[in-house]
Each structure stands twice: as structure tokens, then as C-alpha cells.
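Structures for review follow.
In the two complexes that follow, subunit A is the common piece, with subunit B as its partner first and subunit C second.
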Partner chain A sequence: MSTDTATTPAVAKPADTPHVSLAHTDEKRNWSSIIILTVYIIFLMVPIYWLIVTSLKDNLEIMTNFSIVPNEWTLKNYRNIFTDESWYSGYINSALYVVMNTVISIVLALPAAYAFSRYRFLGDKHAFFWFFTNRMSPPAVFALPFFQLYSAFGLIDTHIAVALAHCLFNLPLAIWILEGFISGVPKEIDETAYIDGYSFPKFFVKIFVPMIASGIGVTAFFCFMFSWVELLLARTLTTTAAKPIVATMTRTVSSTGVDWGLLAAAGTLTIIPGALVIWFVRNYIAKGFALGRV
Partner chain B sequence: MLELVNVSKVQGGQVHIHPTTLTLERGSLNVLLGPTLSGKTTLLRLMAGLEKPTEGRVRFDGKDVTGVPVQQRNVAMVYQQFINYPAMTVYENIASPLRVAGEGSEMIDREVKKVAELMRLTPYLSRTPLSLSGGQQQRTALARAIVKKASLVLLDEPLANLDYKLREELREELPKIFAASGSIFVYATTEPSEALLLGGNTATLNQGRISQFGKTITVYRNPRDLITARTFSDPPINTHTAVKDGKTFVLAEKEAGGKGKPHKITIPVPQHLAAIADGPVTLGLQPHHLSLEEPFEKAPTLKVRTQVSEIAGSESFIHVLFGDKRWVMLAHGVCNLDPELDIDIHLDTRHLMAFGADGASLSGNAG
Partner chain C sequence: MNKTWNNKAWFMILPAMLMVMISAVIPLMTVVNYSVQDTFGNNEFFWNGTEWFREVLESDRFWGALVRNFAFSFTILLIEIPLGVFIALHMPRKGIGVSFCLVLMALPLLIPWNVVGTIFQLLCRTDIGLVGYAIASLGIPYSYAADPKDAWITVVVMDVWHWSSLVVLLAYAGLVSIPDAYYQAARIDGASRWSVFRYIQLPKMKRVLIIAFLLRFMDSFMIYTEPFVVTGGGPGTSTTFLSIDLVKRAIGQFDLGPAAAMSIIYFLIILLVSWVFYTVMTSNDETA
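So, the complex of A and B:
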């Protein structure tokens, strides 16, 4: 009996040791990654948390106390926004030109991206790159010429003006992302459709668009986001009728000081559409960042 | 009847297809045989109308269809890659050509179910192609080609990406299915054995040129030139230069291994080559006409040195060196010879082929 107990662990040990140490390091790595991630996420979320919490306090509390949780919860700020037309129309204006821009960008980018992906023509690579360089110039450069041109055509303070202006950087992006997705579709599928008898427009709408639906979704997301957060062009080209929410937010400075609570509530509401859209395209977003080339 | 008249294709200064004239009869099975990049796909695309020939005309049933877009050509095509519409169900994939043609939904339903039954796709009709196995995906593509009842069916290495068993099965079924339809059937492949199994007619294609077109078995037995013989032989045909001198071929070559003095080897000229003129020729012999056993009495023998033995189950390929030329011999059963072994092999000269300096065949009938 005693020999038994002595030999069994001795035999088992060499086989077990590497296994145990492996599990040990695995666990260690696991813990450290959890801690690092947690710290990082907290670091990212603090400003957002602060924004939301601030929006639920009244101005007096914001100015006097430093409280992590509101002493007195209030929805007054939100009520203000939803009842005051000059506030909520800002959201409607923003949403309108963002949707317009997204639709224009995709409708124009789809055929362009298809051409860049499927056909070789003189200067195609240069044109493709030149499109993208449009993204590299700051919008401020274009603010003045845009203002003058849009004034000349009487487009100032319309939604379409902002939507068109945002095409400056959204259209190249849309073309780039869609080109990646389209190049991932073998051209034999196009040919099979022609052989089956589809005309080009019919093939494009009935077969091709459903095939790259996820790419279109991702593109729409990027167009939506960039247009939603852009302030400079949107503010330059509008005065009242199409004033975007980001411009309205600068209105909270009044003679009585800054209405911090209202500003925070407006900010919170501005984040929500983006978060919603991210939720819908979360599965494709990595592919979108790689411009479809995965 | 599909006619290509002096059709050529030049793209970016590169000649893909040299002027080619080819006539394919209605209801015939035609194999395009050639190595990769020989122009098989380009030729199929020219036939389909997916590409316009640089020069020449394409006629279908006597009508010039050279510039007619593919939508109006009544062709069907299946690619090597499994090409289906990923966003549609298998049912809709198969139904697609009928839907475009504006058929009634009752007729579509009947036809799709019939073809699905034939291709054994019935249980998968409501699934999407990408959720199926490779074989099922390719059967979907084939079903779409069948359901269309096109007068020209083009298959571009349709079975190359399938596993062995499925390939055997489909290869047997496909000609039967399409033969019943009376359409012209063109099948591109890189494998000589596939061409032989399919039968029908074969066009051997090499570097954008059709070297020979005729009944598959005729092309195989009587290649018109060395290029055809090379294209239509797997493993590659064994060749050697020789000089015909009366009743003998003289092979002036160093013996196995390439060392020692050049050695003159003579082979008696077989009956079917007796008529050719004296002078330099290139001799060709298929791997299965070299053997370890004597095929007939007093068959000529050669000394060779073994290199590698590849065992393929019921047969073995033995690579040997004759002089500085690498030859392949087919042996029955499992035959594993050590490398660097000097052995005697027999030539079945009844099947010897002879080619002139320009590569043209000199053999009347190598049978």
C-alpha cells in the first residue's frame, strides 16, 4: 500500500507538470487582460457617464457639488429639449440632411465603385486615389468657397446644401468601402446573370445589390456617422431653417451663463443615433474598417 | 450548329486565341482539352458571347451572332468555381433563367422540381447556396444550366474543384443529361483521361491554337502532330529523336546516366511506319506502351535507369532516364523499383508514333 501511494504521484508528475504550468500561465494572462480591458473601458466611458449624469442634474447641483450620482434626479433638461421647437428641430434638421447625404452617397458611389472594381480604363487607379485624397483636406478649406457657391445658387440654409457639402468627404469614402466589397464578388456571378438573361440594370438591382447588402450597410453607417458629427460645414451653410443640432448646442450660452444641464441632455441625445446604428452593423463593422478587403 | 470562322482574340497586345475555325454540330459533345492558360476559357467566352472576337465571325445555325450580347444568345455556362447567387435560395437560383424569360410560375415550379430531382437537390431547395457543400453548390449551378434548355451549353472545368467520387458520378451523368436536350455541349478540361471518358469530339488546345479537332478516340490514337500528342497524354508522352535508315530507326544517344561514349541503338521500323522517308524524325510512345514484360515476341528493348516510382494503386508510374531524357513508363499493379537501377524495358513499337521536323505526324495509322 505504501509503495502504491509513493509511486503513483511520481509517475503522474512528469505528465502533469507541463499541463499545470500551462493552465497557470493561461489563467494569469486571462486575469491581466481582464484588468487591462476593464481599466481601458472605464477610462473611455467616464466622459460619457459624466455627460449622462450631468444631464440628469439641475444646474445648481452641477455648479455647486461634485457628485458621482445625482442627489436629485431630474428630467427637466430633456423636457426642455422635447418641448422647445428651436431645440428639437435641430435634431430633425440633422437627421434630414444626414439621411439625404447617406442616400446620395450610396446611390452615386455604387455605380462608381462597380466601375472601379470591374473595368480597366485610362487613369482608373489615379482617379480612384484622387477621390480619396479629398478626405485629406480639412473641411475649413472648403467652407468659404462652398458658402459663396451655395449662396449664388440660393441653397444656403437648406438641408440639401449640407447633404451635398458632406458628399465631399463621404462620397470618396463610400466608393472606397464599396469597391472593396464589390471586388470580393467574383465577376463570374455578373456573367452568369447576363447568361441567364438579366439586363445590366436588372442584374444590378435584383442580384448585385442584395449580394453586397452588408457592404452597403457598413457604408451607410460610415456616411451617417461622418455627416452626423460634422459641425463646420453644417454650421456655415445654415442659419435657422436647417440649423443642425450641433449648432443649436452652442446656443446654451446666455446672459445667465451656460445651461450645463441642457447642454448635457442635448449631448446625450446626440450620441444615441450613432449608438443605434452601430448596433445594427456591429457584425460587419470590422470588415468596413478594412474597406471590405477581408 | 456553332461555327467559329477565323476567330481570334488579342488583348493588351497579347494573343490569347490565334485565328481559329471550328464547327460544332447540334447535339454533339465536344471536349476542349488543353493545359491551363492554353486559352480554353477564352474560347468558351468567345463562344458564349461574353467576349467579342478581335477578328473573325461567330455563327449560330447559319446566323451571324458575332456582336449579339450574351443575353440574347440562349447559352448556359458553368464555371470551375461554384458560381451561384448567394442572396437567393437554391430554388430561386435554379428558377432564375426561367424567371427572366418570363415563364409562368406553375411551369417554373414544375421544371425546377424536375431538375432538382435529377441533380438530387430536392432536400436543399429552400437553403442558400453558401450553406451547401461544394458538390451541392456545383450541382445547383449545373441545374441552372440544365433548366434553361439552352442550345449551347458551356462547361469550364466544372468538376475540377469536386472530390473524386462526386466527379466520377457527375462525369457519367452529365453527358446523358445534356445529350437528351439536343444542344451543343462544350466541356473544357485539363485532363486527357476526362476527355476519353466523356467521348464525343475533342479539340486539343495549346497556346491559343487548336492543334486538332475530331473524334476523341481518333485524336487520341492518331494525333496529327507532336503538340497534340503531348496535350493528349497524361503522364506526358515519351519522345526521342532518331534517324530513319531503311528498315531501322537509329537512336544516337548516350546510354543511361549520360556517361560513357555515345552509343548507337537501333529499333526495327514497325510495319505502319515503313512508308516514311529516310531522315531525322521524333519518335513518340505513350507511357503504357513501355513495359517490363514483353508485349509481343522480339519486341525491342532499351536499357534505362530508374528514378522514381509513383504508385497509383492499380498501376504505377515509373520514371526512368533514357540517355538524358526522362521517360515515364506505366506498370500494372504495385511496382516499386529502387532508384538508380539499370533495367531493360520493352517498347510496343506497334503503337510507335513518328513526327517530322515540323512536328507533323508521319504515322499513317498508329492504331
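So, the complex of A and C:
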């Protein structure tokens, strides 16, 4: 803020006038901001902390001995998951269909988003709205018909079935986000490429896609996110071979009650891929929203 | 940007459209089929007209779930939108703190929905949960499994925990797009904190807030997994929202006819609301 005012000499030096900006630069405001953010982040972190702590406790301790920090630290729950194939294959299955879905969504959404961004054509607004309605259709409506459709094609319990089903909401979302990014690229770039003798496919792959790489990154983040967290369709379309971790987790109730420690450990492990993805795209998240159709 | 008129652009949309058609239109036709037919088993169906629609529309069960769902969406929007804007206004504009805050805040968004339910079960049970135990030891009677009021509070707090950050991220993206010059001009005019918010920040955030409102409305209106894991729709039917009721009908009781009729009514409501939002949004685009 202060460097900006220095470069614009017409503005009076704000020595005694209070700053009004997003970042409150005067001390008092700054502190209140920090306190508010800290309280909010603590509110977000407490449930996650409790999940992790529970995963590090023995079941006996969870049920009988209430403590904020484990009395006896144990990795037993994690050992159970990593040695039992029905558990760890769940993570592999989830990762497989999430990656498939992300790739399919982006490959199909790129040309569509380009068309919506660059051209006007018969029924373009209606087509865009139609895509949009699919983002709004409740998965609960589709669970049963999906099961029948994919049964008819013999696709039940395959990774591709879940990946295709998740296209229902991820493909419209990908078109929506990418359209915003593509509209941010000046049209002159396309025209210059044609004058330079590029064919359309070559221009698209060699020049255009690298230019909107950050947009593709943000889109991949959202596709990953919504596919990774979805349970209803993934559970309906799989039985054993492609069963995702989220569905495996719903079956921890046994005759001895709920195995809370195991459940907490499995839950903790589902957070890690998401946390990694956020870390890699952290600089683009806010930008992606700002550039996107928002 | 002025766009060129080119009907060949349809070919670029076609692959995406075919894919969504397979995932959306064919299943929807199945639903329409079921909604107007009845069966005696053995895959023999006969025409049943609008009987199922009448049954659904005349049942208290459907209206109860609908009213509960609207009440839920309304409540969480009322909390999450102002809270998200408030937090975003206090975010630092640059520096190391930004990445730190963004990563921590985005974390709940990437937790699988049933894990969110599990987390809140773990947190709110009075025997093993941190919050549940704390409330119980303060002597306040609390049980999300027995008291409808407690169940509602738990489900609403869970949604606020889960999704407020999305509003923060969106509002923040809108705020950082405001050039510094606007703030300098406001300072010269001696604008108060409130008028800066009202006349500079709020108009600039308008579009992102519409998006936030839309996404939160849609997703809360189709909420299924989180309340299902925590309360299972109970106690009684106090947290049975539309999707939970629908899955109960279709997969639990296998009442295909009423479930299909309900699906269509449900879908039409969402379509209507989304059309209204979309019209408002695009008219904003044109005037802006």
C-alpha cells in the first residue's frame, strides 16, 4: 500500500489519515484481523485435530479414557489399514477413478469452453444453461438409473463407470471455469497464430493450452475435489473390485460396535491427498476464482 | 469480447455434450419411465398416468422434507455468506500469510463428505467427542441423536465448518481484484470504513457473491451424505432432507414409482430456481 502511494505523487502522503484497505496497515486493525483469522482457523482445525488424535489412540482408550492428548500413542490403526488389502485398495481405487475423471473432464471441456468463449452460434446460451443444469442435478436422483444404465453395459464395479458418472457434475464445472480463463486470453493471439500459418489443432495444443496452464491447474483442482469427496454415486456403482475408500469406510460397524480408531485413521488418510493438492495449487486458487466466470 | 458468429463451433461442444447426455439424459428418461408406470414384479410394467405424482404431492412426507430442506438452505446461507465475507475482509493482501491462510481454510473443502460426517460424529458424541464431552460436562443436556434441536444445530454447524471457506475464497478473489487506486480515492474523499465496504468492496464482490450464493444453494439443496452419516435423517424425520428421503424411497424401500415421481418434482424445483438465478446473473453481465 505505502509503495503504491509513493509512485503516485498526486496523492497526498497518508501520514495521519487512517488506511482503509483490505490489509489494515495500522497496528490496531492489524491485530484485530489476526485475532479474527486465528479464531476462524482454530474453529476449522479443532475437528481435524480431534480426528487425528483419535486415530492415534487405542480403541479401549477412546471408549474409556477421555483425554485431549493420547495417553498412549499407537500406530496400530494405521498398521491395520496398510496391511489389509480391502482397506488400502480402497485408496488406490479412489485415486484411479478421480484421475480418470479429471483427465476426461478437462480433455472434453477444453474445446467446448473455447467454443463458448470465442464464438456465437445457434443456441449457445441454451447449451451453456443446459450444461449448467447438470451441475445442479442431485446425485440422489441419478443413483438408481445410473446403476441400471451401467449394468446394461456391464460396467458395474469398474473404475471407468465412476469416472464417467462423475462427469455429470464435473464436466459442466470444468467448462464453466475454463471458459472464464479462456476469455482472459486476448483474441489477437489466436489471429496472430493463424497468420503465422498454424493449423487450428496445432495452435490449440502447442500455443493455447500452455497459455492457460494455470487455468487447467485450477480446473483440475476442482474436478479432483468434487470427484474425491463424492460418496453416493461411487458407492452405488461399485461392489468390490473398484470400491472406493469412502465406501469402505461406511462398513466399519461390526458386532463389537464401531471401530472408531480405525475409522479415524482411515479418515485422516483421506485428507492427505487433498492437502497435497491444495499445497501445489495454493497460488492459483484465488486467482482462478478471480479470472474465472465469477 | 466481441465474438464471431460461427455455427461450426457446435462441433467443439459435441464431445462434451454427448458425454453429459449419456450421464444425464438417458438416466433421466429411465426416471420419467418409472414415474408413469406401475409393476406387479417380473419386469412387467403398465401405464399408471400421473398417479405417483399425486401420491407424492399429497403426502406430508414430501412437503416435510421440502420445507426442512428450504429451511436448512436458508439457514446456512444466512450464516455462511456474511461470515465468509467478514473473514475475507480480514485476510492479508499479500505475503506469506496468504498462502498459509488459504491452505488451512481450503482443507475442509477437500475432505470426503462421509468423512466430514464421521469427524462430527467423533466430535459431538457425548461419550468420546471433544465438543460433546465438553458440553455434557458443563451440565447442558445435549444429544444430536435424540433431540431434534441438537441434531439441527449439529448439522448446521457442520455445514458452516465445511463450506464457509468456499465463500471466503470467492469473496477474497473478488476483493484482491480491486485496484489500490480505488482505496486511495476513497481516502482522499475521507470515506468511512462502512462506505468503502458499501460502495467499493461490495459492488466489486457482487459477481463472486452471486456465484457463492448459487453454489451453496445448489449443494445444500442436494445435501445427502453428511447429515446421513451423522443423524441418518433423524431423530424421527427431523433432519430428513429431500435427497435422504429420495434415497430411502428408491433404494431402501424400492418404491420406484413414487421415488421417480419425486425425482422429477425435485429436479424441476432445482431447474426453476437455477433458471431464476441464471437469468439474474446474465442480466448482470449485460449491464456491467
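Heads up, the rule we're going with is that the second predicted complex is superposed on the first by the 265 of 294 C-alpha atoms of A that agree within 3 Å, B and C clash if a C-alpha of one lies under 4 Å from a C-alpha of the other, contacts with A are read in each partner's own complex, and residues count from 1 in each chain.
Everything below uses one rule, namely that a residue touches a chain if its C-beta (ideal position, glycine included) is under 8 Å from a C-beta of that chain, and two chains touch if they have at least 3 such contacts.
Predicted model only: the values in this text are computed from it and were never measured.
Trainee: Should the superposition on subunit A be reported as showing a clash between subunit B and subunit C, or a fit?
Mentor: fit
Trainee: Counting touched residues of subunit A, say whether subunit B or subunit C comes out ahead.
Mentor: Subunit A has more residues touched by C than by the other partner.
Trainee: What is the contact status of A:L51 with respect to subunit B (first) and subunit C (second): first, second, both, or neither?
Mentor: It touches subunit C, and subunit B stays clear.
Trainee: Under the stated touch criterion, which partner chain does A:D196 make contact with: subunit B (first), subunit C (second), both, or neither?
Mentor: The answer is first: A:D196 touches subunit B but not subunit C.
Trainee: A:I207 contacts which: subunit B (first), subunit C (second), both, neither?
Mentor: In the superposition, A:I207 touches subunit B alone.
Trainee: Once the structures are superposed on A, label A:L60 by its partner contacts, choosing first (subunit B), second (subunit C), both or neither.
Mentor: In the superposed model, A:L60 contacts neither subunit B nor subunit C.
Trainee: Can A:W260 be said to touch subunit B (first), subunit C (second), both, or neither?
Mentor: Second partner only, subunit C.
Trainee: Looking at A:V103, would you say it contacts subunit B, subunit C, both, or neither? Reply first, second, both or neither.
Mentor: neither
Trainee: Quick one: is A:L75 in contact with subunit B, with subunit C, with both, or with neither? Answer first, second, both or neither.
Mentor: Once the two structures are laid over each other on A, A:L75 reaches no partner at all.
Trainee: Looking at subunit B versus subunit C in the superposed three-chain picture, what is their shortest Cα distance in Å?
Mentor: 8
Trainee: Could you list, by residue number, the parts of subunit A that touch subunit B in their complex?
Mentor: My answer: residues 186, 188-189, 191-199, 202, 207, 210-211, 213.
Trainee: Using the touch definition up top, name the residues of subunit B that touch subunit A in the complex.
Mentor: On the subunit B side, the touching residues are 48, 50, 69-71, 73, 75-77, 79, 81, 83-88, 96-97, 100-101, 141, 144, 148.
Trainee: Please name which positions on subunit C make contact with subunit A in the complex.
Mentor: My answer: residues 1, 3-10, 12-13, 15-17, 19-20, 22-24, 26-28, 30-31, 86-87, 89-94, 98-99, 101-115, 118-120, 122-123, 127-131, 133, 161, 165, 169-170, 172-178, 180-181, 183-184, 186-188, 190-191, 193, 196, 207-208, 211, 218, 221-222, 224-225, 229, 242-244, 246-247, 250-251, 256, 259, 263, 266-267, 270-271, 274-275, 278, 282.
Trainee: Show me the residue ranges of subunit A that touch subunit C in the complex, using the header's touch definition.
Mentor: Residues 1, 4-5, 8, 11-12, 14, 17, 19-23, 32-33, 36-37, 40-41, 43-48, 50-51, 54, 62-63, 66, 68, 104, 108-109, 111-112, 114-122, 124-125, 127, 129, 131-146, 148-149, 164-165, 167-168, 171-172, 175, 183, 187, 225, 228-232, 236, 245-246, 249-250, 260, 263-264, 267, 270-271, 273-275, 277-279, 282-283, 285-290, 293-294.
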